[in-house]
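One chain, chain A, links the two complexes that follow: it is found with chain B in the first and with chain C in the second.
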Partner chain A sequence: MLEVRDLVVRYRRGFLSAPGLAAVNSVSLTLPLGHTLGIVGESGSGKSSLLRAILRLVPVTSGAIRLNGQDFLSLKGPSLRVARHGIGVVAQNPFLSLSPRLTIAEILAEPMQAAGLAVNHRARAASLLAQCGLPAEFLTRRARELSGGQAQRVAIARALTLSPSLLVLDEPTSALDVSVQAQILNLLQDLKQDLGLSMLFVTHNLKVVAHISDSLLVMQRGEVVESGPTDQVMQAPTKAYTQELMGFGRHALRP
Partner chain B sequence: MSLVKRLGLPGTLCLCVVVVFALAAMLAPFVAPYAAQGIGTPNISAKFQPPSAAYWLGTDHLGRDMLSRVIYGARVSMTTGVLIVAVSLLIGLPVGLLAGYFGGWADEGFMRITDIFLAFPALLLAVLMAAALGAGMLNCIISVAVTWWPWYARLARAEVLVLRNQPYVEAARLMGVSPPRILLRHILPAALRPLGVQAALDVGPALLTASALSFLGLGVLPPTADWGQMVDAGRPFFPARWWYAVSPGVAIFLLALAFSVLGDALRATGRRDA
Partner chain C sequence: MLEVRGLQVVINSDLQVVRKVDLSVPKGTIHGLIGESGCGKTMTGMAILGLLPKGAGLQAGTFTFEGTDLLSGAATLRGRRIALVSQDPAAALNPVLRVGRQMDDVLRTHSNVAKPARRAQAAALLAATGLPDPDRVLNAYPHQLSGGMQQRVVIAQALATGADFLIADEPTTALDVTVGAQVLALLRRLVAQRGLTILMITHDMDVVAEVCDRASVLYAGITVEEGPTEALLRAPRHPYTKALLAALPDARPKGQRLAALEGAIPPPRQIIQGCAFAPRCPMAMPVCATPPPRRTEGERFWLCHLEARDA
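What follows is the complex of A and B.
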């Protein structure tokens, strides 16, 4: 359903200076329907640039992205907006990604208004909240009145509003504490099974993503260093870098 | 939270000053001791009276009560000050929003236009405009607003450049929300506060500039009372009949100062809330 070919992202520095290093260098990936792909790497490895390029938030230098067989990079204006209805995005910090000025009901109604969905917005918002494990009382609150885990559930509910086939998660648990992380991961696992979602899960924490992914893609300095089914990568990592990433958390403070 | 606590003592005092001037301006026919003279009816028999119980601030060269004139002048000065800022916001805000949000050619085009306006000394440009358009309150407002809107365009653009990269604005874009909706629903409400503070700060200088134009004979014409024009009219008689020039001068000073301090106080509350 999502296919990325030889994607290169190179940030322009100045007008006259030499072109910068590629943040993403010739990355290819395939995400079949209903699968979950985990993209792992330390900070600066290019995983966020890759994600932002796939979402069309940064310009792509070269390469191709096909979404449901459609050339995603050629879309502009209204047709890009329509294509975006098919992608749900959950960002790292829910307190930044949910508008501080709107109530939860308004936040959840926004995608429905954007897509011109002819349903009862409030009822749909309430059922989305229920699906993400929150009671309907939350509709009248604002994001700052919620805990981190509750706010992230709202962000997930918003991402699901238009029944997307692809869910993109950018470090969805990094801003949360450990016990809440597990709850959010379980919620995502349930949603994946219930809705048959394809997911793109970006994180620096290999352990978080190992639970939920069918396959893994390990990035370092803008390039893919290792990829394959999760079990294979986890049990027999071929690269030292992957082993190092797996070590994080096990003994976090090494000399 | 009480008002004094929010605005601080100086801010609250200045708010009171602004409110007193505004009330006096609105209720001029009722609070002015000699309403007819405030509008401009001469009273030659009492000309150049020093301040007394009958004429608290003395009388001018046509014998009109200075207090009534100053109160009627508040009408003109307050409306010009506020309208100049309002018109400038009305032009500058949309320009800044569009330039900041869309970037590229829209940004280049709009910002080079503001550069042209900002390259002239504001007062000089206003004087030129007023001289070309002719005297009168409306022309005075237009002339000053023309030199002022680029500041608001710049400020609005700077706000948008920060706001458009906020994750919640980005999230709206990723949900396929249309640009006009993003601007009106997410960016404008967040940009209004700093712009509102700047607007409050600017009413004082706007009123000063309008007074300067009137002083030069390019603003409001007699017999309508206007502080700048009154200072000019009183100038030949200074210092022997000091009250003529000083009364409207002090009024300008007080109101301009009050708006500035009030704006500063508002800015401080904004910082505390954030």
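What follows is the complex of A and C.
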């Protein structure tokens, strides 16, 4: 269970950010265990900043984050490291996030070594790959030899190595073909069911997020402009911006 | 009007990157070129632009633009009337030169207008792409502009060449949905107002639905289906087109598994005997090991062994 209350992230001397505007401005959200929350919004609206704040990768100006009952913002040193194991991260471009020269076995063993996990690393790597739909042959392959979809499966497997309860995904399918995107969305659906994972899913594509999410949160200029159960937001969007996002691509098919 | 029949591009005499592309794009329309990554969309565009990489060999039954044979090496004509708008506007612009200087370079090589008039022409072209305050943009460096503004500058540059045919290769992929929608609206407007013709290369069905009059579906370098957008998206005939549409996240109710298309396109080195899609096709039959016939219906065609009524 993740709870965020009145979170504010203000970058110091932000060259890119509009002066005086917070990148994340008083955002609150609740993500129950096993649920998926989709976060949509245009570029610069603060989606990644919100994720980075939840991962404690940027300083939080004010507000509170509770993860599984713990006050996440007060954690330091080793206890922060352990708590972070509870969150797995998947980035947009699998090729940038995976070292091209390492074998898949090495890529998956890395977080286990760092955390001092006392299991057979290779066996665990193989079972993670299987869970993500790749045969064990892939253990000896290198990241640069993979297709986009295979690389994203490996990135998801790596995010799962330390058995997180929460998976944070920043545009996980935007670099992929629709055929491969469908495979990855199916995989995430399976993982959610089998492992009871909670997910935070960030994307520009409202249709992708609507398919996978239980609830939605629409951000604009650092603020939440609309939120609620997916069906409700999709069927009766109250904000023009949400309607614009939803209407796209329906021109030719409008009756 | 662009007419392409049986276009083939072979690199280093063994990589079949384009195997058999058919395209006909009437003047003043937007034509979509769809297909998975690696299926030959960009190479088809490069062949039309005359910008194929070294070692590439090109063959075609018909390859004409406005009646001029593109096979006869009329490269200057191509450079003048066909321009490229690529996926990454930042890479298309020179980072160390102001926009004004870059626009001027293009205008100077493509017209014999005097310098002061060129400045006004550049401003007018930027204004035509919907950029507010063109004078400020002329004085800016590319990095001072947002992605959407950069793409408008690239489009203005394409217009500055005097081109009336644009090849837009994934022009909105690097942009936000809302910004991308604005750029698409701009392209639509240029078609209506200036009689521009556009070949829109994309793997995004929403882009096709939004702006294309007609579209072709490429698979392994072969046009497997072509038709008016609405017919193609509402009632696809080729099993590959069907599979692409079925994989879209809004094709199934929320929470249900999507109809993911497994497998991958055959690599360009592979020799294809029968139907290229057969290994992944849910409808494949023994006869599919032989080349599929071309089927037509009104203004559309597709390549498949299935009878129209079964398709």
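Simple rule for what comes next: the second predicted complex is superposed on the first by the 240 of 255 C-alpha atoms of A that agree within 3 Å, B and C clash if a C-alpha of one lies under 4 Å from a C-alpha of the other, contacts with A are read in each partner's own complex, and residues count from 1 in each chain.
Methods note: a contact is a pair of C-beta atoms (placed from the backbone, for glycine too) under 8 Å apart; a residue touches a chain by one contact, two chains touch by 3 or more.
Everything numeric here is computed off the predicted structure, so don't read it as measured data.
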(request) Would you mind checking whether chain B and chain C clash or fit side by side on chain A after the superposition? (result) fit
(request) Using the touch criterion from the header, give the chain among chain B and chain C with more contacted residues in chain A. (result) C
(request) Could you say whether A:A118 touches chain B, chain C, both of them, or neither, answering first, second, both or neither? (result) neither
(message) By the touch definition at the top of the document, which applies to A:Q183: first (chain B), second (chain C), both, or neither?
(response) second
(message) Is A:D231 touching anything from chain B or chain C once the two structures are fitted on A? First, second, both or neither.
(response) second
(request) Check whether A:A240 is in contact with chain B, with chain C, with both or with neither, and answer first, second, both or neither. (result) neither
(request) Would you sort A:N93 into first (chain B), second (chain C), both or neither based on which partner it touches? (result) first
(request) Have a look at where A:A210 lands relative to chain B and chain C in the superposition and call it first, second, both or neither. (result) second
(message) Going by the contact rule set out at the top, does A:E42 touch chain B (first), chain C (second), both, or neither?
(response) second
(message) With both complexes overlaid on chain A, does A:L55 touch chain B (first), chain C (second), both or neither?
(response) first
(request) Look at the superposition and give the distance in whole angstrom between the closest pair of CA atoms, one from chain B and one from chain C. (result) 18
(message) List the residues on chain A that touch chain B in their complex, please.
(response) 55, 57, 80-85, 87, 89, 91, 93, 96-101, 110-111, 113-115, 158, 161-162
(request) Provide the residue numbers of chain C that touch chain A in the complex, in ascending order. (result) 36-37, 147, 176-179, 181, 203-212, 229-230, 233-234, 243-244, 247-250, 252, 254-255, 257-262, 264
(message) If we count contacts the way the header does, which residues on chain A are in touch with chain C in the complex?
(response) 42-43, 147-148, 177-183, 185-186, 189, 204-208, 210-212, 230-231, 241, 244-245, 248-253
(message) With touch defined as at the start, can you tell me which chain B residues reach chain A in the complex?
(response) 166-168, 170-178, 181, 185-186, 189-190
